[in-house]
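Both complexes shown next keep subunit A, but they swap its partner, so subunit B is in the first and subunit C is in the second.
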Partner chain A sequence: MSLVLQDVGLGVPGATVLDAVSLTLERGTLNVLLGPTLSGKTSLMRVMAGLDRPDRGCILLDGDDVTGVPVRRRSVAMVYQQFVNYPTLSVYENIASPLRIAGLPRAERDARVAEAARLLRLEPLLRRLPGQLSGGQQQRTAIARALVKRASLVLLDEPLANLDYKLREELREELPPLFARTGAILVYATTEPMEALLLGGRTSTLWEGRVTQSGPTAEVYRRPNTLEAARVFSDPPLNELDADVLPGLAPGAARLGFRAEHLSLGPPPPGRLGFEGRVSVTEITGSESFVHVDIGAETWVALLPGVVDLPPGQAVQVHVHPSQVMAFDGAGQFVPAAEQPMAEAVA
Partner chain B sequence: MKPRDDRAWLLVLPVFAVVLFSAVLPLMTVVNYSVQDSFGNNQFFWNGMGWFRELLDPTSELGGRFLAALGRNLVFSAVILAIEVPLGILVALCMPRGGWQLAVTMVVMALPLLVPWNVVGTIWQVFARADIGLFGAAVNGLGIDYNYAGNATAAWFTVIVMDVWHWTSLVALLCYAGLRAIPDAYYQAARIDGAGRWAVFRNIELPKLKRVLVIGVLLRFIDSFMIYTEPFVVTGGGPGNSTTFLSIDLVKLALGQFDLGKAAAMSLVYNLMTLLVCWVFFTAMTQLDAAREPTP
Partner chain C sequence: MNARRAILLTYLLALSLPIYWLVNMSFKTNTEITAGVSLWPHAPTLANYVRIFTDPSWYSGYINSLTYVVINTALSLACALPAAYAFSRYRFLGDKHLFFWLLSNRMAPPAVFALPFFNLYSAVGLFDTPWAIALAHCLFNVPLAVWILEGFMSAVPREIDETAQIDGYSFPRFFGRIFLPLIANGIGVAAFFCFMFSWVELLLARTLTTVNAKPIAAIMTRTISAAGMDWGLLAAAGVLTLLPGALVIWFVRNHIAKGFALGRV
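Now for the complex of A and B:
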């Protein structure tokens, strides 16, 4: 079973929401949609679900055109950023609601709800109302509702964004295996590059309604093939510079970029590219430090281990290995480096 | 401990003075009347709890009259609530979600709310007249005998239709605000579940409307329980006593018959009933809020 989007476009008056999106999602895979707010993640999910009909292009399910088929007649489940449950129904009735509508016999319904409640640790809460639950429990109820349906397409739209840090980590680990066992196509939208990397699977980066790159998550991270994909998939932001600062590194390149973890502090050792600048601000988390350095008109971030406490205005030298520098041409497309083929980045 | 500063009381004093002269002292006069009898000439005689005993005894003339007016009033409130609340919800569900259509709808719906009570009464008094009223003449022209001045059923019909015309907008606007507060994700989730229109209303919209509906019912009940001006202008409480509600009866008693003692006792009981109803609703609302708190 597979879901194929071909050249899908969607617009609202005065703006393009989705622009020629083509994607192939295979059964049993986890697909991350990574992009900033308003990049089209939710719109794309709505089109996939059949909630909205695209203006252009078509959607194929196992080779059948389902573009115009309404959501009611598709096998879809969705979890939202807000905790969406029926307020007057108990947790049990909430989880059972899609099965009731589908008209499943009582025994089968009870068994499925019991299984989902066990997997999401909701068993002691089955008789409560959603208003009597914590945020994490409410979202687990919504996830259980999506799970019991055994839908072939499961859409998770930033499901953990409203949860606190600890719960987020816990649920992030639990979610993919839960749905993977059902063999569903799992789609997970997020704004956070780190979340995409932790989830693994495949990632598609979105930028202004376009899918800029699609592939195995680690590969997309290591080898973004457009400048926009590199920007979307970098946190802290991509360190950038104009290509004419380093002529000969990559012929035809207009813009160079590398990630914060590849920028080091100190005088450049032989074979590395050195720059001079001034510290603008330092953020320290304890295990690592983010040193923001002004280099000419650009501001770069160096992600350094441990506590590095530098006062603002301090003159510093920074350096990066040429193999970590990615080059992009005027249209933002990836350009290979000149002399030495770009080595695989060491994470 | 913080040093006490009693100067703030100075700022509250004017309010106390206003309340004293506008509410407390007049009320005390009423209390004073309620325990006395008067034969005019400003002569009063002590009557103790006599009026209250008579008022609460349905077999007496005063008690029977009070009970009848109270019954009419409760039936009136029940009927207008049974019409205005479902109708208000229905109107709110049908209202446009935005654009100029919404602006037009809002203005049209707010219009009856802005018309003063006695004007509403006058409009319907003329509109429903059997001889020259557009509505009344049209109904009679269809062969249906309709005359609110002579027929109790027609009078009740007129008074109820008038109240529905005047106040359904209030319920509808409250419900509209409540409906707009429901996030789109709920409707989406219901669509994905395959839930029908009725299920969406029953399981999403109605529960989310509960709080505004409680407020709407409270406002409409209290208002209809105290209704005076509109039926007084249209029917004057008639024909006979058929549309004599509590407040109309009270005015008849106090200013028509000048039975000050009976009227004072009646207005105190009436006042206590209104307070009791407010307390019941207030408790119900706070209980509703408490039920929403997550239990640990």
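Now for the complex of A and C:
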């Protein structure tokens, strides 16, 4: 079982929504679509589901072309970012809805709803209407409806984005195993790099309607093959600088970048690249501090453990190890670093 | 607080005074009505009502009116529901212009259409039937119902339609089982307005009927006889004309209250 997208394109008047997207998603895998808002995640999912028909390209499910097949004839389930349930039906009827349409016998239907309700802790709420539930319970109802259908393609479009922090952590851990058991192709869209890393599986980064990179999540994180993929997969944003500041680090490179957690504060120890700048803002979460430093025209962020309280305008030194610096050429493609990088530089 | 209550009370009294006077008159004899001011019937009589309920030329007016009003309300909703769904969910060439044009039908005075309708219905044999009036009133009520329902439908997230598609609902099943209950308030409001507009419209109703389908409002205009005006009878007929509207409001009052708060009214 696999879902293959071949050269899928979609446009609206005046803009390209999806640009030559080719992807292969295997059965039983968790696939994260990672990209900022308007990068085409939702459009891609709608095309996968069959809600929108692509302008170009085709979609193959198990080798069969399903490009024009109406969505109700496909084995698809979808959970939206907004909590979408049928407001006039009880939680039980909401969950049972796809089974009722499929004409499952009552006993089987009851059993499946009961199981989904148990897994998502909705048992005491089955008789209520969605409007009487909290946001988390509403979204769990939507997830339960997607679960009972046992669809071969399950699309989760930022399912946790509108939930509070605690509930998100809880559901994020519970969700993938729930669907993994059904052997479905699970697709999970998110804007947050951290969520992609916590989920694991495979990640495809999206940027302006193009898939910039696809692969095992940790690998895509460690070695983004384009500047856009690196930007998408960095939160706080990627610290960037022009390559000519550090000539010799990577021949042919135009732009260098590294992540906030690799930037340290203080005088550079031997073997690390040092820079001088001024603090612009410090954000403190308690366990971590985000120190924003102006280096020339660029603003970098250093992610430091604990509370680091620096007043704005204070002169600081920062440093990064050359091996953490990724180099990209003029077209944004990854460039391997030189064998022996420059030992030290001060900008 | 007391001043507020007094103002409210005065307002309510002013509002209900004409209605009270009508009810008051309907229980009086013509002699008492013409004799002078009396705040309540001194010699209460039901004769006016008995006359209306026993004389076919009177009660058939009510039956005729109710018939075409109910037909019109059902027709208007049946046409407006699919149309409003299309306006709410699909983009097509000229959709916005068409939507506005629909409403502009309401701006023309009914008198403009009286003659063409008269000629058309005479030609096709619909003249002097409830269907003639019911169809003529659709000209005003379908656009109104489309306009009201479109507002309610657009308030329902499109994702619900899509979720139903994903769940495997066919369109008719989705529309009947999921979508209509969601816009029940809107349907209540639209039905109320269709009913009321059709019920109070006089010009087309009178022009398009002669004997068999004559509406009550037309019958009421012909109570003047050689013996003078039958005031008591007219008042009783007026009271009975108020009742259907009051009943409809009573039944859809919850929907209307919610509808006014939610939708496009």
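By our rule, the second predicted complex is superposed on the first by the 339 of 347 C-alpha atoms of A that agree within 3 Å, B and C clash if a C-alpha of one lies under 4 Å from a C-alpha of the other, contacts with A are read in each partner's own complex, and residues count from 1 in each chain.
Throughout what follows, contacts are C-beta pairs under 8 Å (C-beta built on N, C-alpha and C of every residue); 3 or more make two chains touch, one makes a residue touch a chain.
Quick caveat, the model's predicted, so the values are computed rather than measured.
Asks: Using the superposition on subunit A, decide if subunit B and subunit C clash or fit.
Replies: With subunit A aligned, subunit B runs into subunit C, so clash.
Asks: Name the contact category of A:K166: first (subunit B only), second (subunit C only), both, or neither.
Replies: After superposition on chain A, A:K166 lies in contact with neither partner.
Asks: Looking at A:P87, would you say it contacts subunit B, subunit C, both, or neither? Reply first, second, both or neither.
Replies: both
Asks: Just to be sure I read the superposition right, which of the two partners does A:Q132 touch: subunit B = first, subunit C = second, or both, or neither?
Replies: In the superposition, A:Q132 touches subunit B alone.
Asks: Quick check for you: in the superposed arrangement, does A:A49 touch first (subunit B), second (subunit C), both or neither?
Replies: Touch partners of A:A49: subunit B and subunit C.
Asks: State whether A:I101 touches subunit B only (first), subunit C only (second), both chains, or neither.
Replies: In the superposition, A:I101 contacts both subunit B and subunit C.
Asks: On subunit A, which stretch or stretches are contacted by subunit B in one complex as well as by subunit C in the other?
Replies: In subunit A, positions 49, 51, 71-72, 76-78, 80, 82, 84, 86-89, 97-98, 101-102, 142, 145 sit in both the subunit B and subunit C interfaces.
Asks: What residues of subunit C sit close enough to touch subunit A in their complex?
Replies: Against subunit A, subunit C makes touches at 157, 159-160, 162-170, 173, 178, 181-182.
Asks: So in the complex, which bits of subunit B are touching subunit A?
Replies: These residues of subunit B touch subunit A: 183, 185-186, 188-189, 191-195, 199, 203-204, 206-208, 291-292, 294-295.
Asks: Name, in rising order, each residue of subunit A that touches subunit B in their complex.
Replies: For this pair, the touching residues of subunit A are 46, 49, 51, 71-72, 76-78, 80-82, 84, 86-89, 97-98, 101-102, 128, 131-134, 142, 145.
Asks: Taking the touch rule as given, give the residues of subunit A at its contact with subunit C in the complex, in rising order.
Replies: 49, 51, 70-72, 76-78, 80, 82, 84-89, 97-98, 101-102, 142, 145, 149
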